[in-house]
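Dropping a structure here in structure tokens format, bear with me for questions.
Labels for the chains are A, B, C and D, by order of writing; each one numbers its residues from 1.
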Amino acid sequence: MPTTQSADWRYRLHEIIYESNTRAGKAFDVGLLIAIFTSILVVMLDSVESLHRPCATLFNRLEWFYTFLFTIEYILRLVSIRKPWRYVFSVLGLIDLIALIPSYLSLIFPGAQALLVFRALRLLRVFRIFKLAEFLTEIDFLTTALKGSLRKISIFLLTVLTLTVILGSIMYLVEKRENGFSNIPESIYWAIVTITTVGYGDISPVTPMGKFVASVVMLIGYAIIAVPTGIITHDIAMAARKRKELPESCLNCGREGHESDALFCKHCGASLFVGR
Amino acid sequence: MPTTQSADWRYRLHEIIYESNTRAGKAFDVGLLIAIFTSILVVMLDSVESLHRPCATLFNRLEWFYTFLFTIEYILRLVSIRKPWRYVFSVLGLIDLIALIPSYLSLIFPGAQALLVFRALRLLRVFRIFKLAEFLTEIDFLTTALKGSLRKISIFLLTVLTLTVILGSIMYLVEKRENGFSNIPESIYWAIVTITTVGYGDISPVTPMGKFVASVVMLIGYAIIAVPTGIITHDIAMAARKRKELPESCLNCGREGHESDALFCKHCGASLFVGR
Amino acid sequence: MPTTQSADWRYRLHEIIYESNTRAGKAFDVGLLIAIFTSILVVMLDSVESLHRPCATLFNRLEWFYTFLFTIEYILRLVSIRKPWRYVFSVLGLIDLIALIPSYLSLIFPGAQALLVFRALRLLRVFRIFKLAEFLTEIDFLTTALKGSLRKISIFLLTVLTLTVILGSIMYLVEKRENGFSNIPESIYWAIVTITTVGYGDISPVTPMGKFVASVVMLIGYAIIAVPTGIITHDIAMAARKRKELPESCLNCGREGHESDALFCKHCGASLFVGR
Amino acid sequence: MPTTQSADWRYRLHEIIYESNTRAGKAFDVGLLIAIFTSILVVMLDSVESLHRPCATLFNRLEWFYTFLFTIEYILRLVSIRKPWRYVFSVLGLIDLIALIPSYLSLIFPGAQALLVFRALRLLRVFRIFKLAEFLTEIDFLTTALKGSLRKISIFLLTVLTLTVILGSIMYLVEKRENGFSNIPESIYWAIVTITTVGYGDISPVTPMGKFVASVVMLIGYAIIAVPTGIITHDIAMAARKRKELPESCLNCGREGHESDALFCKHCGASLFVGR
């Protein structure tokens, strides 16, 4: 714990910016979130033609105000930790940098205003608000549960993609180009639109055989949504059960991990309740 | 319990209107529900041009009949409880008031007939019918289970909204205005339409890159529906288990998890009710 | 068991038609199913203009062949049971009658061919094939599980309908008639199309406020599908567990219904495994 | 194990091609997968008009290169096993043959280029990559779980198909041909599009009665997706439990349900491995 005065303000700054334990820390987080929300709102409204024309100057000034604000915040973050490079290359640090660069680029390259939309990526900061104590356990629990399913979900998505390539190619052969299925990539796009049950209707089969193939794609998409749901439901139940396991260790052998309905230690056979 | 005659009729009125234990109480509830249903039917039919022109006078008279009926009911509710203000500011009381006001406003401001549709809010009364004994346990059980998931579902919805803002902004950059994605709010609306797999087709990508981004959005929407399903399924199972189990632990071995109709501990055989 | 000769053939006929234990019984069932499938195929093809014109006579003759076939079958069913009226008024009996009547009506009232499509209802017979032994336990299990959920699913559907009426009415107010939302019933239809995530696109909001309301409807529809899924998943697990319970009754008190991990009878406290 | 030199190279070839234990085997698998991916990419790009015209010769040469490559691979597979016919008639062998034949056919029958799309079927080889050790247990587990549900899912799909035939026929009667529901097969196609919540919008009801029937179809499709989800979720949980449990029962108390890493019975404390 630093005792000199310069390290003292650095420590207090670090507490305010990076931590949310103190009142100032929480206030900083909330204020930052409000700034992010409103800056994104400005970018959104600026893209609407009917609002852009009358308010262009106002929006431009607000944009530079926010860029200034976030630049100050970025600098403060850099100075209040020992190893600034760790923040620069962390996920949050890179997001903040990517959100700042377009504004400065637009000075050098006029017309890069469109890039200002990268600020939307700052919305990922909204997840920091979840550090507030009352949400902590739920998010923690959810992310632990979902990390386990990630591999099985990837396999599932890979299978779905393979199906769409095969079924899309079959559809391309059947509908033969005059009906919107002009090439294989378009047909694969149609298969994705259909198997996810989104169904825009911008491309849809016309021939009877095509409608039959389409029906097969639709029924597959409708039924297999059950698979990732079953996987994730199972993993959530598993994570909840692990949380529920007896935390006590066996008095005899010291091992943990006993099921909540166990009477005897599965590792050494001793009773779990002797002397309790 | 009031014994004087005036308090006597007030008590009996309260029993009829607010309670559904007696025959009169049940009949009142059913009659009220029929009145609400038919009044909403009148508003619905009145909005159809082909029915409005010939039947306008009939609908108008029915409207005033229902307004009169519900006003009487509102007054009766006020007089049959000790603290009328508690009803006025309760959820059901506010709903009833909001449903009555438009009719009177239309006297002062002609052309406010459109506001009569607020009567649809009275449909929320339909949930009162669930107080009938046979449904009571199921609704109770369901709402208890769902209250627990409410927080996790909110986090999930917040995540989905963040994704739609980010993906919608990316789509706006890619499709560049000529294809229906005229500004960022429109693009975010498109992202919501796609990630929920509704897929109207009023706006859909045209460029190959846009279709690629759209495919990503669709696959995300298709897969992550599993998350709230897993959460709610888990919470329903938990609520059912809690309902079935006696909270007490066995006096002999200390274990919990006894079914609600058990007399002896299934783990050690001791009586569950000794000394209780 | 009848011993005279006339009752003998009646019994054998009953065995063939109503039971599927014998080879003849199974063959009858399969033959009947093939007849139903092909007769429905004929009705389907007859409705296609390009096939109807050249083949009208052929289809007409096939139609009468099938009508004759199913009439014979109906008569055989009537004569091979003791109380014919029980079949006439059973569900399957009424379906068979409704499927036969249109053909005869078309003799009296020409142009009633369209009614021939009622034959599609005979497809409900396809569920009889499930009496084949290998499917029996699965169907039995599924229907038992689902009967229990029926009440909760009804409450859920009622809630969804109430939401669509309220949200549809709000949309009608917002979009004000010029955008396809011409009256309240149309708006409620739009709300059902959107909340079930079907999303035809025949009606869709145009105003920004309308798109905001639509987004709320879509997110609600997307999230609440988890509720009936959780209910049904839970009921299937419950039904499976009941099937798994120890079938043995307690040696001491004779009661059944012990959980599969119980050591002592929850009703009387005696050990479940004494002498086993 | 062969000891002569000719059988020696044949054994090593078999190890490389069919097995993925050795480094060479893994490298072969990965190389083959890259070849398959890129060959499919070539077929996809060749179908796009704007790319086909300038690059037709290049694509043609790449096509023949891949055909040559896969033919060599097919021959190598045949020579490196004892009974070549077993590969020719295995699933993977037939897929490889079907993917090769179109290229040769296009020599004899010009204009059969479209058949080159059958190469997409080779994508099914992508599932071989899952033999990599780290995925093995997950795929194994998933496929075991899903095989059990296959029967129940088939019953469910059959029920959905029956519903679409019946509801589609009803819709045909109601909308009477002028609204896109030109014949019964078209109406059944509409019913499938609607009950799977895809909702293209190419055909949609216009009459009020038709919209009412459509609402029923949509609500059915929305609610019954819960059934296969419940079935599969249950089967995944069952498969996971079986995987985790030792099948043996405790020699002392006869109970089952011991975790796979348990040494002592959790119910009575006796060793699980005495005398085994």
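As a working rule, a residue touches a chain if its C-beta (ideal position, glycine included) is under 8 Å from a C-beta of that chain, and two chains touch if they have at least 3 such contacts.
Predicted model, so just to flag it, every value in this text is computed and none were measured.
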Can you work out the rotation angle that lays subunit A over subunit D using Cα coordinates, in steps of 5 degrees? 90
Counting C-beta pairs in contact, does A-C beat C-D or the other way around? C-D
Between subunit C and subunit D, centroid-to-centroid distance (C-alpha), Å: 29
Nearest whole angstrom, what separates the Cα centre of subunit A from the Cα centre of subunit C? 41
Residues of subunit C that touch two or more other chains sit at 185, 197-201, 221, 225, 229, 231, 233-234, 237, 261, 263
Within their complex, subunit A touches subunit C through residues 197-201, 229, 233, 261
Under the stated contact criterion, what part of subunit C meets subunit D in this complex? 40, 43-45, 47-49, 114, 117, 120-121, 123-124, 126-127, 130, 135, 138-139, 142, 146, 153, 156-157, 160, 185-186, 189, 192-193, 195-202, 221, 225, 228-229, 231-237, 240, 260-261, 263, 273, 276
Residue positions on subunit B within touch of subunit A in the complex are 151-152, 155, 158, 162, 165-166, 169, 172-173, 182-185, 188, 194, 197-201, 204, 208, 211, 214-215, 218-219, 221-223, 225-227, 229-231, 233-234, 237-238, 253-255, 257, 267
